[in-house]
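I have placed the structure first, in the form of structure tokens, so that the comments after it can refer back to it.
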């Protein structure tokens, strides 16, 4: 019948168009079938060997960062995160140490030979940050700060791009495209929970995003279990789920004394809790780092 | 200071109240610390040994159900799902075989010695269903159909309760409380994805719901990977995530020929795909059934 | 170019299909261009003259219902709502007076010659309710309780169908189609807020749903300002917005003493507040009832 | 009883804390009870006399902007919007004319003596924009681009701040606080729809946000009916609702030939449609401008 014919044409046209769209993106797996592997000193993200990224929410002092970093290094972990510029809902909340925070990260990174990751929130701070950190993080609130994306796309430094609070897969992928289109191919995507009606957790961890992003793009995909759940007691089970679903890395927060942390105090692990966490994910065999 | 004192009192009061609330629920782990284990013939759900539930979305014919069930049985699987009453968005969509569907399930269940699970959508059909199936499923659309909950609470048959499309943890737990308050303690909770803005998947699988529910209640918790993702290509990674996060069972859909299925054709596996799926989850070691 | 041609065919096919779908529904405006007007004694809903429906959340006693109804009648209002069967999240919350509630409504309705509206939650209670009330309400939690929809579709009594907590326009329209497909054409649709992440209000009033539903269907569309906002202080501005956007009626809750109400105490108006509310919407000229 | 006492203390503490929080914000109505009125040449926003802001989505050419502006001026309207910098999901979509766009706006504004409003997306472009436009718009994607907020907070030019895609009232208010805390008191808030599961409209217009924001802050509040609905056929009813709910202004998009528009072609009105729209809102009496 005519109607059936139209449906067939419709479906064919639809597929052609979708195909066409995703093929044209530089981040698309249709454009480049093999996985992008991001090199971070000796560590590789996206090579099939899942990693763990940890560190304090905010850089508060040299001692604070060093104590967490040392505990990590003792366990053979090299990927250290820490916030120097903190985007906060209220202008009256702690905004991070800024330049001093970057300097602390660099000092600790150099002393312990670790890779440092820190968020940059303004295009004008990108250039300067190159001298201090190894990976530039673009946070959830800035996922569609296109000026910042273009800026980090123009430098020679790996970028960790977090998914926006309510970004679709399509928007997330196209945000990454802003970076790659400006020349920077070293992009890692990070699912960090989306905003939903559910408030048992801070955000809702969209675990399916990992295989979707791995399928649609050739980029490494990681999961931030701290910001997605916002609950210390959920870090371990969700980290296990993230590794099981195929994430290239898990990111979490550790603080020497979470009770006095200047941000995110309810969801950071202290060092013994972190060591226990690490023991559990190693025992399960999903994390071999 | 006074303000600090008030904050302390506030926090204490808040905790007291919350404590009080959840303690009073019969499904609460505070009321009963040990896990509820639901017995289904030889199989146990909630005993720490994760299970797999499979079967066609809709019961369409004896042959269709038998072929799926036989493939399962050959693999040592005993938990067979199949829809006889189908709640459908449009009144003009296939509504299920009803009573005939129940009879087919019973026949196949008896022949192959399997446990059968099927959704009942109306209080008046509960009584009759007791003769045909081993587990009564209450679907997402009926999670707050309180008359139905009371009815299944009053019978001596395990109940599989699915989370509503946009139900909070609190609402889900209290829906289970309707069942237990009427006398039936054999309740299994099932996360099946929640409705969000994201449309890369049919719903958003809220993987954190599993540890939250395990912590708040003493009931077994499972994950329906078919309805949460709505995509055949995501069944395997999300099933792995579900087992890793601590689910007591995973539920999925299998059809001898998905392309001609009367419902959910895009997301059911055919039998060879199912066998491959099973091989993969067994290889990973999370599923030993 | 070929690509352009395909896009044209695609668009044409898409429109044809959508057209086709909505044309086939009995509730669709494409099927019947003129407005359905529901007759409720002397009052008409859907005739271009917007109405106001009011009454207590729950029927608690004859005196309580009578005092609200009398205040309404004194103001020339005839459409009285009141809950006899209350679907409540917890089994331990007040569940409504049931049959006694229906009897109270009938008595007050008869004494003051008013139209009574009350929610029925179970198919088995529909038949009995016909003797007591003038409009059967199907609540948000039951919008996809298809057995209930079929039952109210088979009786000769107007139905007020509320939108589900997270129902799409398409699902809402098809829920109405379940009713009309069973023979009952006297259906009124009610937007009552949808569940979103925002918690300044109980739900998010989706005001655009009114013109969308008026365009897609020939049914009257009303707005429940009480359940959508959950805040007494927002009843007046949202009622004005509802009338302005084209709603055929606004529904709100009034209680002689909200502080002691057995349900929804934070959002019901007391009688003087209601009279002030009424004065304001009359003054604005949008409500002439 | 003790429990009751605790509940009272709890409630009192809660209110004290909330009170305390909102009192300390400079944008809070508790801090300043009277309305902020933003002066834009002769026009005032927030003085109880609602306004209409219109113009093309993107500035495409002098002729395009002039033709819309002239049609507005002929109708006595002075508030002209137009996008020079366009934040677009894909890097391959039209990104706006940038500086050339600002120049066109200035030329048209000068020629017709109109107030011009345009979005600035990067802190570095704020300084330059001061010479060209009368109101700086901060778009939804940048609502939590705190560097940009600080920058526009430090200049002497009114700011139109749009609500983020999934921002809560609290986050929106605190984003405005970033501006006022840096010295700029001339802030207008704009509800522009939030992201929900519903896809009958582009976003879900949260109409209740208007009275909530008017109550919580002393700032003018407006509604963008174009981006919230994304549908030309819903502009009129939602504009009526916005005025009725108490908005200080409505914002909409007009293009001489929407079919060839470089952005938002499906939702802009052409000039005759706009004149009809204007006639209707004037006839209803809500808009007297």
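So that you can tell them apart, the chains are marked A, B, C and D in the order they are listed, and the count of residues begins at 1 in each.
Please note the rule applied: contacts are C-beta pairs under 8 Å (C-beta built on N, C-alpha and C of every residue); 3 or more make two chains touch, one makes a residue touch a chain.
On a predicted model such as this, the values are computed, not experimentally measured, just so you know.
Trainee: Could you see whether A-B or B-D has the larger number of C-beta contact pairs?
Mentor: A-B
Trainee: Between B-C, C-D or A-C, which repeats the contact pattern of A-D in over half of its pairs?
Mentor: B-C
Trainee: Can you work out the whole-Å distance between the CA centroids of subunit A and subunit B?
Mentor: Centre-to-centre distance between subunit A and subunit B: 32 Å.
Trainee: What's the distance between the Cα centroids of subunit B and subunit D, rounded to whole Å?
Mentor: 45
Trainee: Going by the touch rule set out above, which residues of subunit C reach two or more other chains?
Mentor: 166, 170, 195-197, 199
Trainee: Show which residues of subunit C lie in contact with subunit A when the two form their complex.
Mentor: 3, 6-7, 9-10, 13-14, 16-17, 20, 166, 195-197, 199
Trainee: Can you list the residues on subunit D that touch subunit C in the complex?
Mentor: 166, 168-170, 194, 196-201, 204-212, 215, 228-229, 233-234, 237-238, 240-246, 284-286
Trainee: Which subunit D residues qualify as touching subunit A in the complex?
Mentor: Within the complex, subunit D contacts subunit A at residues 24, 87-92, 121-124, 141-142, 144-147, 164-166, 170-171, 174, 177-178, 181, 195.
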